[in-house]
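There are two complexes below, and they share chain A, which is joined by chain B in the first and by chain C in the second.
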Partner chain A sequence: MKKLNTFKLPFLLIASVMLLVGCTEPHILERISLATLIGYDLTGEDELTTTAVMRQINPDLESKTLIQSTTSSTSKGGRKKIELATSKEITTGQLRVVLFGEELAKYGLDYRLRTIMMSSEISNAIYLAMVEGDLKSFLESDYKDIPNLGQHIFQLIEHNIEQQNAVSSTVHEISRDDFSRVASYALPILKKEKDDIKISGIALFHKGKIVGTLSAKDAFYIQMVRDNSDNGTMELNLPITTLGDHSLSSSKYLSVALDSIRSKRRITVVDQTLPEFNLTIHLDCRLYEIISNVNIDEAEIIQKLEKEINKKLESEIKRVIQYSQEVNSDIFRFGEYYEAQVRNANMDVEKWSEMYPEMKVNVTVKAKILRDGVFQ
Partner chain B sequence: MKKALQVNPTQMFNAPLLLFIICAAQIGVGVHGFQSFIYEHAKKDAWISIIISFLAAHIIVFIIFKILQLYDSNDIYGINLDLFGKYFGNFVNLALITYCGLAYFVIIKNYREVINTWVFPDLSPAFITAILLIIVIYAFTGGLRVIIGICFFSFFLSLFIPIILLFPIEYSRINYLLPILDSDFISILKGAYYMTFTIVGFEIIGTLYPFVKEKKKAQKYVHFALFLTLMFYLFIMFITSTFFSGEQLERTIWATLSLLSIIRLPFLERVEIITICFWMIIILPNLCLYAWSAYRGFIRIIDITEKKFILIFSLLIFIAAFPLQTRIQIEKFNNFFGSVAFYLIFVYPLFLYFIALIKKKMFRKKGGKG
Partner chain C sequence: MFFRKKRNKASLKKTLEQSPPPSQNEIDAEQSQPSTSKSHKDDITTKDLSKGPANNSTARKDDPETISSSTEIFVKDIKKRIHSPADLVIRYVSDTITILYIDNLIKEDILNEKILPNLQNMNEETPMRIQKLLPLPRVTVFDRMNEVIETMLTGAVIIHVAGHNLTTLVIIPAREARSLTSPENESQVIGSQVGFNESLSTNVSLIRRYILNPNLVNEKIKVGKQTNTSLALLYIDGVASEQNINTVRQRLNSLDVRDIIDSAEIAELIDDSSLSLFPQILLTERPDRFCDDLLSGKVGILVDGSSMGILCPYTFIEFFQSREDKNLRWPIATFVRLLRFLAIFISAFFTPLYVATLTFHYEVIPQPLLIPLSESRAKVPFPPILEALFLELIIELLREAGARLPTKIGQTIGIVGGIVLGTAAVDAGITSNILIIIVALCALSAFTTPNYMMGNTVRVLRFPIIILAGFWGYYGIMFAFCMLLIHLLRQSSLGAPYMSPFYPLRLKSLADSIVRLPYPFIIRKSPNARVEDPELSTMQASLKDQKKVKE
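For the complex of A and B:
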């Protein structure tokens, strides 16, 4: 105790006084607006429209959503202008989604991405998406059944990515593809439909600019090529002749639905100069629905089905890859496989942009129906 | 010639504790962002650079022990004095003390920068520095045993970091590591050189040696500690280089922290903020050990009490911290420190061993004649 008094006590006192006095600026929940969604769009020449969806917590426990929009040349400048129009300080720590308007996507997203990456306040796990049409009217229109727009859009994107109905688009993944000299990225497209919002498609980018779009149902094909998946669902229209004349005569296709899809893909370079790739996808699934009254417990019928599924998937995946080659957007990251498997590849953006449209991919799908339901 | 350093038995500690001391001394602020520096040179083979740098560290530890074993129980400062005489020996000691001060300074500066960038942009840098200095003064005056206690706790409390680093594996792409050995050997060596800033810390054994109870066992534990930190760094490097794509990693300043920012736990939105604040417990042993090491050298030159020393030392650091403010200055200073550390830690022991061997031989000859 004696020692403490003579030497340590003054220090402890100073330390505690400093801790009490020298605090940083406090953020009190009732006095801030939490920006949950920010949208950027381009108006006119170089003017950036920033729209923020904010949530304010009131002392009477009712939270309300607020939408503010402004134009300026930098996003921080936009934030400052929005600040002038709100009664509470804006914080972006709870930001979940950043949306880009179509005009901005045509102009290029590079600078916006850098800004998001530079900020330490914004997490790398937030989602990016593109909005079809004008962003301001998309956000400012009155959605009757959506009380909290920011949270709604976040959950819409998140659960669809989890179920592999949309391409994953966290800031980290997008900037990773953006910086990886040999890949391009894809963003989900959001669209307003009457009083609702839906994911309407996939936007393909090349060097930061939008070059093409695919429909939303192609997302799973893209996912299958990009990554191993373990929880997918899809509907396929097989030719009506697959199972002979057992099928219902009125429809043009034999529709099947598969779920619990586990797929494993392998990509190997077979020819370095062309380049040519072999893409093999192994697919285990459950037959969930089949619009036919045929009894599917015979091994022969299952085999026929598998064969047709393989054919159908191969053609669909080929179509998607071909489209991406037409618009020169390597969203499947074939370039990274090329770099990984070819020594001293010395890839750069230009070289791969020239090679990618010439690329040839041999797609092989090996589907296996493991089980169907509890009733045959 | 070989006058042993007198150490009070109550101040000594058991050899196994060296494991925690060396690990705690090595893991510090470097972990936040060492990846991008190595990647810049060694590219996809950055992990090979790390292995090479640790092999070098093992060799240096081996040599430091060889030097220490030439003397019964003496530290590196005593050995310098013995080999080079009073004046030049003290000069070399002063260089080593300055090195300790620089290391201390670099740690505080970098940690302060991280706090200011990630957690509290508007917090005064002087305040953070002062708080850190006060904690170190408090721990330092407790003596060596308290410092070792801090090392022990720092080691065990930081075990959660490898576990949370498992979350980003979801985003890993193994393609970023292939093909192995794509970079040429020179670039890999350059990458290993840039590891210096992150790997230093083990040199503390030169000062700690006289305080180890079982001197014969000491070396084993130091090597084992090096192996543990190697595993830790390799693990981080593997996760980082599969997580980021090439240029993205080069542009990321604190790769480990960016890596953590993707994690979203149900009860915790931003793991990296907690980790940064927690990092103070990880850098505390570094700071204490360097201050202590500087003190051990300083009392050879001027007889001074622990309290006076740490007060003057802290005051100097506090004043020196003012001119260095921007990120670029800190980066430059880090590089400068890296090269100083490289020569003092990786080159100087080889030289010292050489001199010590010659001197030993000369004395034997003299002894034979006389």
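For the complex of A and C:
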């Protein structure tokens, strides 16, 4: 009897291992087709077009991408229809990018976002983006130099976000803004240009619907207001009179290229009723290029430059904020700051939607050129 | 049976009086003869081979077996006792003196040069006189039959004088032993290159050469009813804790076994948990490591006929330390140690991770790795678990074949098996080449463990984890990891925690376990060997004059 007891535990363990094996659901890597990109668009009234870019592994050691497209009213239904046309089970664990068509963006992304968030298979770190024009033709057109469309678009978005050329749009960030009662989100816009794909701009959303667009260049200013950063390059056109008569160039502007070493921003509520905000940005930067033969060594000239850079950046940031106020899309999360700093704010979507266009922001940029020796 | 016995904790008091080995009692009962003569205990000094407390058995007076004064009866008795072997030599030197010995067990030249001439020239011979006159160091007089037989079997000449109830025994053992060679299983690049051999006396002398200290205690214990194997219990008085010494002594004395051939058997029998996968007692063939551990407060056992010494108590972490770590400079030794710890995890978890990832968790594969991984798998018809088990089996077969075959053939098998089978398996599409790399890496990692016993464990550990990974994915691996951790935490070595210094956390010894500290910084030499005098637990290495002479 005692001997039986000693072996009871190992026996039970082994038995449970054996019996519970049936409960697991294996996905063996080469026996599934991996969707790397999924696009949603709207056709007609309620019909949803789902387009999936899949990677399939063949025994002849050549992996190829497969593009399947179908229409149905739900995304799961679309997946089921695609399944009918593929030889292997479709899995979304390796999904990197989800694209939305322009039509769908106008209709509203809310339901699609919920579906993506709900799926346990889909990572929170994948990127969302909007496509200018028709999504199906965008994905199904023949790109000669792009062997793997899913991976290409993923890398395109990823490296541009890293270099502050595009607004960051992971599922995590978008859902944070989406769940917030006061903030709105922005997505990068992709566009087909001949045989290439490029990021053409930024789409501003309000309550899940697209309300306006900004050019891709403005992404840097948006990121500077949204977050502290330590990356990114910008080109500024300063007035030709900045450096007095030293300029020999005949152009209308004095062009400078700056590399941001670090930027820190601070937002405080000044007036609760209006509301009014103070936005201060400390920018430490490096002077990369200047189209002038002026002597940069002199401290006076650097100070003049800094002053003009401050002016220019302030006006640019003001312009971007003003546009977002016009379309009533709080992509900078001023509402969050307001709620955090004002007691008993009791914000909700309607209240902030009314307050946001009236908001006043005093932008102060304090740029500092730390190094200029790069080109000497 | 011995599993239960070992649970009893050793008593703290040193027990000096020991019961005689069970073997003697049995022979006594069997060969009981009526006592005819008185005990001569008062006027003779009976000296045994050993000084240990285990053989203090001459004090018993009611022992029936005595030595016959008649030569004929004595010879008959001896023959009966040892079943008249073919190599028993009986020689009548003179009318009264008879000598008996077993051929090849004694040094014949000493017999011829020193014993025989002396005996022939002797007049008025008594056993006591012979003992005095013979110019040899180990001459003893016995009055009891079983002692005579026992001593003779270790290599002694019996000199019987007719008319006396005593015999003189001259101990001149001639034991064939391998000459000292370098330790092959625990080789090291720098450091001493000598290993134990199969002779107990040589091994003890090796230890004594390293530790010239009167406090080095050598106790003799006999184990094994049939084999009568001698063990030497070695420790340094004042360093090794009394509790540990008593525990080891008690476990050895309470062993009730028939046959003991090697020290590994003893180690398994006196382990805290013999059913465990992990060894709790170290086996080493290096005298320098043995001495090192004696100095840090461990108890050592040497077994006659075995080239492996036993050391206890040991901790898990110490199995991954090599004696060579102390000979290398500390940053290098630390790097090597960290490499070994990393190797444990690689060896146990790398193949299971591959299996689990490819079977269940394709989501975690980074995108750049996705294409090479899936393309190498595309031709393989089996699920990853079968593929991995198949390759691991090949590696294990190769290792076993290499270990069993003679060295020259073994190497060839390794090359042929490794290269031919590996390439052919990939070409045939049975395995993927990425898995071959992983399996080879795992095998290599397992071989970095400095201790052979622990290396085996680390290698075998992988198989259940692979199976669990193939069944349950990462959950299976976590399950296996938890079970392993629970098991390790439950183990003890001589009652001391096996996972020390990690659990229970002992910060003082933690540093020297993972990092090999410079000598002056070592606070405690061994994580769980308690030391009697706390002064001795530190590595004392300071300068006498406080300053290093620079010129």
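A few comments on the model shown:
Here, the second predicted complex is superposed on the first by the 351 of 376 C-alpha atoms of A that agree within 3 Å, B and C clash if a C-alpha of one lies under 4 Å from a C-alpha of the other, contacts with A are read in each partner's own complex, and residues count from 1 in each chain.
The definition used in the following text is that a residue touches a chain if its C-beta (ideal position, glycine included) is under 8 Å from a C-beta of that chain, and two chains touch if they have at least 3 such contacts.
Here the structure is a predicted model, which is why all the values come from computation and not from measurement.
By the touch criterion defined above, A:Asn278 reaches neither chain B nor chain C. Judged by the number of chain A residues each one touches, B leads among chain B and chain C. Legend: residue contacts after superposition of the two complexes on their common chain; A:Ala125 is shown touching chain B, with no touch to chain C.
Once chain A of one complex is fitted onto chain A of the other, the partner contacts of A:Val17 are limited to chain C, with no touch recorded for chain B. In the superposition on chain A, no contact is made by A:Ser353 with either chain B or chain C. Of the two partner chains placed by the overlay, only chain C lies in contact with A:Pro26; chain B stays clear of it.
With both structures placed on the common chain, the touch criterion links A:Thr91 to chain C but leaves chain B unconnected.
By the touch criterion defined above, A:Ser260 reaches neither chain B nor chain C.
In the superposed pair of complexes, A:Asn58 makes contact with chain C only, with no contact to chain B.
Within the superposed three-chain model, A:Asp177 lies in touch with chain B and out of touch with chain C [touch as defined at top]. Looking at chain A, you'll find residues 24-25, 93-94, 123 touch chain B in one structure and chain C in the other. By the touch criterion stated above, chain B contacts chain A in their complex at residues 117-118, 120-124, 127, 130-131, 134-135, 137-138, 141, 171, 173-179, 182, 243-248, 251, 258, 261-264, 269-270, 307. Taken together, the chain A residues at the contact with chain B in this complex read 7-8, 11-12, 14-15, 18-19, 22, 24-25, 93-94, 120, 123-125, 170, 172-173, 175-181, 183, 333, 336-337, 339-344. On the side of chain C, the complex with chain A involves touching residues 357-360, 362-363, 365, 367, 370-371, 373-375, 377-380, 383-384, 468, 471-473, 483. Residues 13, 17, 20-21, 24-30, 32, 34, 55, 57-59, 61, 63, 91, 93-94, 96, 121, 123, 151, 154 of chain A are the ones touching chain C in the complex.
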